[in-house]
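The structures come next, written out as structure tokens.
Below are two complexes that have subunit A in common, paired first with subunit B and then with subunit C.
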Partner chain A sequence: MAAPLVLVVLVAVTVRAVLFRSSLAGFISERVEVVSPLNSWKRVVEGMSLLDLGVSPYSGDVFHETPLIVYLFHFVVDYAEIVFMIVDALTAVALYLAVRDYNKAMFKQQRLYLELKKYAPESHDLLRVPTEMYYIPLKVALFYLLNPYTVLCCVAKSTSAINNAVIALFILSTVKGSLLLSAVFLALATYQSLYPVTLFMPALLYLLQRQFIPVKAANPDFWLFTCQYGSLYLGSLVIVLCHSFFLLNSWDFVYSIYGFILSVPDLTPNIGLFWYFFAEMFEHFSLFFVCVFQINVFFYTVPLTIKLKEHPFFLLFIQLAIISIFKSYPTVGDVALYMAFLPMWSHLSRFLRNLFFVSCMLIVCSVLFPVLWHLWIYAGSANSNFYYAITLSFNVGQILLVSDYFYAFLRREYHLQHGLYLTKKDGSEATLILS
Partner chain B sequence: MFTSLSSHAIGQLACWLEGGGSLSQGNMAATVLPCLLLLSVGWIVGDAAQGGGDTFREELLLTPLRSGDIAATFQFRTRLDSDLRREKVSHYRLFPKVLGQVISKYSVQELHLSFTQGFWRTRSWGQPLLQAPTGAELWVWFQDSVADVNKSWKELSNILSGIFCASLNFIESTNTVAPTASFKPQGLVNVTNHSLLRYATLPREVVCTENLTPWKKLLPCGSKAGLASLLKAERLYHSSYHSQSVHIRPICGNADCTQVSWELRQVLTVVFDLYSSGMGKRDWSLFKMFSRTITEPCPLASESKIYLDTSGSEKDDDLFEVSPFTAHESLVPVHGDKKLYTVYDLLEQSVFNTSRNLNIALKWKGSPSSDAGPPLPPVCHAERYVSGYGLQTGVINTMIYNNHPYRAFPVMLMETVPWYLRLYVHTLSITTKGKENKPSYIHYQPAKDRRRPHLLEMLIQLPPNSVTKVSIEFERALLKWTEYPPDPNHGFYISPSVLSVLIPSVTSTKTEMEDSPLFATIFPSSDGSSYFIRLYTEPLLVNLPTPDFSMPYNVICLTCTVVAVGYGSFYNLLTRTFQVEDRKGGGIVKKLANIIRRIRGVPLLDAGSLQRRKGHAAEAPQIGAME
Partner chain C sequence: MGLLSDPNRRQALSRVVTRLNTPLCIISYLVGMGWFLGLAFHPFTLRTYISENSMGSTMVEEQFQGGDRALSYAREFAAHKKASGGSPVAWLERTMRGLGLEVYTQSFVRTLPFPDEATERYMVKGTNVYGILRAPRAASTESLVLSVPCSEGQNNNQAVGLLLALASYFRGQIYWAKDIIFLVNEHDLIGMEAWLEGYHDVNVTEIKSSVMMGRAGAIQAAVSLELNTDVTTSFDVIVEGLNGQLPNLDMVNLFHAFCQKNTLLCTIQGKLQRSDYDTFPGYLHNLQTLLLMVLKQGSGRPQGDHGLFLRYHIEAITLRGINSFRQYKYDMNTVGKTLEGMFRKLNNLSERLHQSYFFYLLPSLSRFVSIGIYMPAIGFILLILILRSLDLWIKLNRAGTTTEDGAADDDDQDAKPGFLSLATPIVICHATGLSLYYIPTMSQDMATDHFPVSESEAVVLISIAIYVAGLALPHNTHRYLTGAGSDQGWMTLKLISLLYLAIQLSCIALINFSLGFILAITIVPVAAIVQPTGPKVLYGILLVLVTPATTLLGSIFLYRELIEYPVSILECWQLFLQAIAGGILDHYLRRRYRAVKSEQAGQPLRVFYTEELNVIGGRNGGTILSSSREILLSWRLEILVLIAWDWIFNSFVFLFDFEIGSTGVVFHETS
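The block that comes next holds the complex of A and B.
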């Protein structure tokens, strides 16, 4: 299995190297779909030159990276292209290992449940077989590395690639059951882009499941473990923040990063829902709607956790997708991360209702983004509404995709317990409805 | 502050900028101008014990420009011989009370305000005496006793807005900067703590009659008598360039500078394009320009003179003829060179003709074509433009020309760029003759969204006979729909860049403040070897991407719909569970559908009738839609 992975990585690196050397690199790095004010490489360079001028990079409103990123790139700025290629490869390898371990664990769990006769007898068609699962880790790595979104993200040197790598490492350490590393990487991801804080719940659930600790309020082990993981997470977050403070000797970065993420002052167009909404918003409702939109990212966590407490990995996937849809400055790099997990759920395909339609929608939107941008910004023959319309349909496509997978997952779970072919009492074929 | 001051010239500029006040103090150590005239009212009422009382001087400078246009520069100087900072001045004679009170109330150290329409074309008109940027410009030094400079600045600009009927109330934190090196006090002060300085320009401001009237009212004679009687709006605004300004500063009150006086200088510059309107004739007269002649000096003025620049006639006496003839001529050092001026002293009765008026006229004898070629460009000038296309990014380019054949000199360049053009300082490039020219001093203050503009100040050394190109990239922001002006596709004005230049003089010139003509003493000069000028480039007009202003409701509805689609589908899946449908009748929808079907005469729906298909046992059962 290692040889195909190496091959995939080599192909991916070649594609990126070719694109870095081509004239497209400059064009890609200016694309608003690929870079946002939060992660644009141009702004990283600007922050470093501000530091060189002796001006705090956070005294202006151009730079919103974390202090650690500035100092990291201060040393490797000349090798930035190689660093970004390594980061992408690292993400893919981490995802590959994580998915492989997770699949092994899932297979074990399936065998256990079979032995315990937890599955309905007629649902054997739905059970997963090793031959199908064998190539899934490789497919995940392939989906991440050769996804055009990831390639664009890497060629534009968007720092969301680094955030993806941190999240991938977090997933890997969670799957491996390393409490400390999982908390540290989650803290790093939160530190960089705030929204991954919602991944705390799936990670906690997964670790609990791994330790066979039942999620019950009466169980002292559960509380002990939760406190342990929570304090590790908070501790590492505090350490990282304090470290940043000592690098620059000021807390300006807190407002400049998290205030910027939460209050959405920069309305540069992107693929998200925020920019045009707040450009057109009436001033006195602005604060209210900022709150509503931001809560939207976080509040799905609680019901999802309750609903999916037996399936933390799927919860993680749904959370990643929700972040990338509803975050304030989304880029295609965020989309690429959760899309990499789609091969993991290939066993849900028989229950997916509109995969073809959604795929067409996403592909057409991705093609239309640059076209309508050109018509609006350069040709002047279209206006902002055209680009806005395409962001809307892209997001509808993403929402449909995620809810479709969610539906298929729940449906499969139902069939596993009640059998694939449902009959009514009179023996006729039954219809399954959500009610 | 200045990192590496290599050349002598940089040192000089630095010296001027650092200690302009102290130098001027030395130069202003001149005698108090004796009151030559018995002024009608002022002399009697005046508080003579306090050192002579107020004085008023008026002056008009007529300069034929190289392009054939003619520039008229009016200067009115009112001097108040009491210190507005320390004493409570309750009696004003010549100095306008309204300004005196404002200065006392807001503890202003120095105030410079200008309103300008048009652009001084340095390239074809030559070096200006006092250039001003298009629109309105205000810069104020506050005294160090002011606690909250921003608050005073805001209130002061609002009050000036009322006094001058201008939109100075649009000055707020988004267009105000505190330059560190470009603006130094020009009066009697040694404070160079630049946190006391505020500078703002409004390039969009339109200047018209309503600004001129309050400006004229500040003069002791108003526009009733003296040179100000020429200032009629219908002629002044029918010109290529019009600029009016007010400068207030403290100066030395006596020879050894133990007393402080306050000086109000009102300058009005207007450039008439007589060449094209006069059908190719370059002849001009006061009447042609202002449709008026001068009948008397202002009776309150201690000096009232008209200077005519005749420096072109030195070589060839027969080039033109000036009427009426006067024998008064004087050599005045201007811009580092001594120039010859014909002087008309209006206080002498002889300059007026028999019908008691004075109409200075100039008649060219030779044909205009006798002039050789295009005019020589001035020693230093600058221009600016935006390059790039589309509404995403762009580049601001400033070209600075040093046309001096063998001397290098430094220039302090200041750029103020509003926050909605996001500058990237790492793209700043300064090239001279194809090589990088590293500035010896850079001050950069990045913008804060909706709060503060970008401020970039650089000290650049210009090699002789060279063009220096300064370029910096920017990104255009999308604003909220309420932040656009009423005509958003007209574009946004970007204030001009300011160049403070110390140019080497041709001849050694040292000016005495009190005795020399007013136009020669606008900027205090450091020593004879160089002279200071301040140049402004063109304002820029930049387009930003705009949202559709007509559809805020639609956008709110559509985006909320998408969010609701997400919310709805998750809500459905989270709160409902899968169940085998066992109800016979079905929902109300099915009942309605059956009623319609009965009317249409098609088979009725019943549970499972649609789904039942034989031979597809392996296929998953069909699922009813989510209800």
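The block that comes next holds the complex of A and C.
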């Protein structure tokens, strides 16, 4: 299996190298869909030169990257293109390994459940077979590396690629069961972009499941483990933050990064939902609505965790999708990360209902973004409403996609327990209705 | 979501889509066509009105009385032009300076990629002269432009005369709050492009021009004037700009308002407005005007010098004076007063024109159709593609192992179409598109060395040859591939093609509605019908009939019919060849959307077709060089479609075992 993976990586690197050398690179790195104020490469370069001049990079309103990233690129700025390609490859390999291990674990669990007769007898059609699962890790890597979104993101040298790599490593260490590494990478991801804090719950649930600790309030083991993981996470977060403080000798970066993420002062159009609303809104309402909008990301964690506590990996996937839809400065790089996991759920395909519709919607929107941008900014004939309409439908498409997968997942679980062919009380065929 | 998540309703819906597919498609096509034809119908149009507040009323008292002066300037200019054999730069400079303007010149040089036979130009050299009237009441932050092309022969002398007379009159007024630039540009669009690039300090084409010395702030609006006679009977207003861009409707309204005030006759597309709009002949008249506008806009070439301003976010129109056999003639005073009024109104602007519509079609000067009303026409046509692809998707799903409710289907499993059999035609089609883009101009030297053709002929013939080869190629590769033989194979390929077509058409329709619509009505029905089973010969002929090249030919024919100057087939073919050459030339002359520097310089149209960035975008951005107005539809229509559609079309051809190559030969012999 290693050979195809190497091949995929080689193809991906070639594509990126060609694009880096073409005239498109400059153009792509200016697209608002690909870079946001948080992760644009131009701003990283700006921050580095400010640092070289002995000025705090956070003194202006341009730089919102974390101190660790500036210092990292300080050493490798001459090889930035190679670094970004390596980061992408690293993400793909991490995802590959994580998914492979997870699939093994799932298969074991399925066998166990079969032996325990937890599945309904006539639901055997739904069981997963090794031949189908064999190529899934490779597909995941392929989906990540050759996804146009990822390619664009890498060619634009958007630092969301690094963010994705950290999250992928976090997933890998969680799947491998390494408590410490998982907490450290989660802390790094949180440090980078704040929102991954919602991944704490799925990771904890996964680790608990791995240790066979039941999630019960009365169980002391559960509380012990939670405290352990929580303190590891908080500890590493504090260490990283303090480290940043000592690098720059000031706490400016906290406001400049997390304040910037939470209060959304930069309303440059992007593929998210924030910019248009806050550009239109009266100033004195904006605090309230910022809270409402930001709560969206965190709010779904609780009900989802309760519903999916048996399936932490799926919860992780849903959480990633929710972050990329509702975060304040989303880019296509974030979308690419959760889309990479779609092949993992290929066994849900028979329950997916709107896949065709939704994928058409997403493709059309992706193509229309630059068209409407052109009409708005360059031709001057359209206006921001046109662009926002596409943003909105792109996000609706994403939400439909995620809810479709969510529904399909629950439905499969239901059928596994109650059998594939449901009958009504009178013996006729019954159908399930989502309500 | 209720509709989509309830399985019973879904099943009902999918049954409707599959069983009633053909009738639904036909209905949708008819509704789309009907809707489009209805656009010219009086009740569906809106009355035009000036929405910009600062231009609200026409209460300006015009006092221009320099008509005679304009005529004497015109005669003097004509004499000097004849003497110097080009633009009389020294005289213009002297005269403008004498009027109290700040005068500057800008010289430019441009070598065309190959000789332009229509206007006999290859190395173009010229000088633009412009004078700035500084506003006494404001800092030089905003300006207006009055431009007049200095053309060959006796053309446009009166326009230059009027420009000078207006300059001298404007100089004496105290109310100007914006600088006014009086520009005389040489070699029409080439000179205009050179001036605009110089003014905004960008270089998107390869024009070499001298550094521009004087500027006058951001240009808010521009009027381009063409006038050949001492007296006029009517004025024609021209709106279509580069790539089908239109100026803000308020510019047109402003002109219309002042024409009415001065009782000047005004036309659009050369058609006078009729008062009996509610009768059938009135409707036909409006429809004719609308169709002319659609054809002109679809061609994507600027119909006047104003067309290049639009790219820089400057609202502009061209006014063309016409002297026909009508009894009542207007003298220069009336024309001057109209222009004076317009400039005074524009002078009142407190911000850029943005209130009124940018997307519109004009069935007459006083009525317009806005985007919300005309978009459903193309929406219905595109609906066919969506219905067809839904049908295919449902069929494909049924053929697979599962059905909606998770019940297993025992159908025999077709081998899934291989990746190779799908990717090959797509790659080949894109490759032919790319070669069509690059090869014609690259290989013209080689062609002229080996064959007895001129350079421009060589370019055209190479384009056609590659085009025809492009039609045949994917078909021939078919033999080497297996796996596409199954039903699933062609269905998947067709599904992809249909979706691709729908996306491309909707993108084009957003940018240039007319082009999108012309393409859609021809290509969509055939794309929906064809499949590998059934009368293959008929399908093959249909497919050749809807190729963009044929559409271009048809459009030229229709245009000539509409302007009541029909052509024979042979002439039409000549025009077609000219249109292709002109289009390629235009593209190289002004690579439209390739520059980025200033906010106005249009960033790539190349952005917009993600798959084919360079190919289509670059091509799409042609301008017009030749002023021969006969060639209506430039190749841009052709190439744009050609490349984009190349593979769509080919994918269909690919479905057949049909010798498209031989049809290509027939195609060729017609010349």
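As a convention for this text, the second predicted complex is superposed on the first by the 433 of 435 C-alpha atoms of A that agree within 3 Å, B and C clash if a C-alpha of one lies under 4 Å from a C-alpha of the other, contacts with A are read in each partner's own complex, and residues count from 1 in each chain.
Here, contacts are C-beta pairs under 8 Å (C-beta built on N, C-alpha and C of every residue); 3 or more make two chains touch, one makes a residue touch a chain.
In this text the structure is predicted, and so the values were computed from the model without any measurement.
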{"item": "Which superposed partner A:61 touches (first subunit B, second subunit C, both, neither)", "value": "first"}
{"item": "Contacts of A:262 with subunit B and subunit C, given as first, second, both or neither", "value": "neither"}
{"item": "First, second, both or neither for A:42, with subunit B first and subunit C second", "value": "first"}
{"item": "Contacts of A:303 with subunit B and subunit C, given as first, second, both or neither", "value": "first"}
{"item": "Partner chain(s) touched by A:368 [first = subunit B, second = subunit C, both, neither]", "value": "second"}
{"item": "Subunit B versus subunit C as contact partner of A:382, first or second or both or neither", "value": "second"}
{"item": "Per-residue touch tally on subunit A - higher for subunit B or for subunit C", "value": "B"}
{"item": "Touching partner for A:420 - first (subunit B), second (subunit C), both, neither", "value": "both"}
{"item": "Contacts of A:396 with subunit B and subunit C, given as first, second, both or neither", "value": "first"}
{"item": "First, second, both or neither for A:72, with subunit B first and subunit C second", "value": "neither"}
{"item": "Residues of subunit A contacting subunit B in one complex and subunit C in the other", "value": "350-351, 377-378, 400, 407, 411, 420-421, 431-434"}
{"item": "Subunit B residues within the subunit A interface of the complex", "value": "389-393, 419, 422-426, 442, 444-450, 454, 475, 477-482, 545-548, 551-552, 555-556, 558-559, 562-563, 565-567, 569-570, 572-582, 607-608, 611-612, 617, 620-624, 626-627"}
{"item": "Residue ranges of subunit C touching subunit A (in the complex, touch as defined)", "value": "1, 4-8, 10, 245-246, 310-311, 313, 358-359, 390, 393, 402, 404-408, 499, 503, 506-507, 510-511, 593, 602-605, 607-610, 613"}
{"item": "Residue ranges of subunit A in contact with subunit B within the complex", "value": "30, 42, 45-46, 48-50, 53, 55, 59-62, 265-269, 273, 275-283, 293, 296, 300, 303-304, 307, 325-326, 350-351, 376-378, 383-385, 388, 392, 395-396, 399-400, 403, 406-407, 410-411, 414, 420-422, 424-425, 428-435"}
{"item": "Subunit C contact footprint on subunit A (complex, rising order)", "value": "24, 27, 125, 148, 349-351, 353-354, 356-357, 360, 363-364, 366-368, 370-375, 377-382, 400, 407, 411, 415, 420-421, 431-434"}
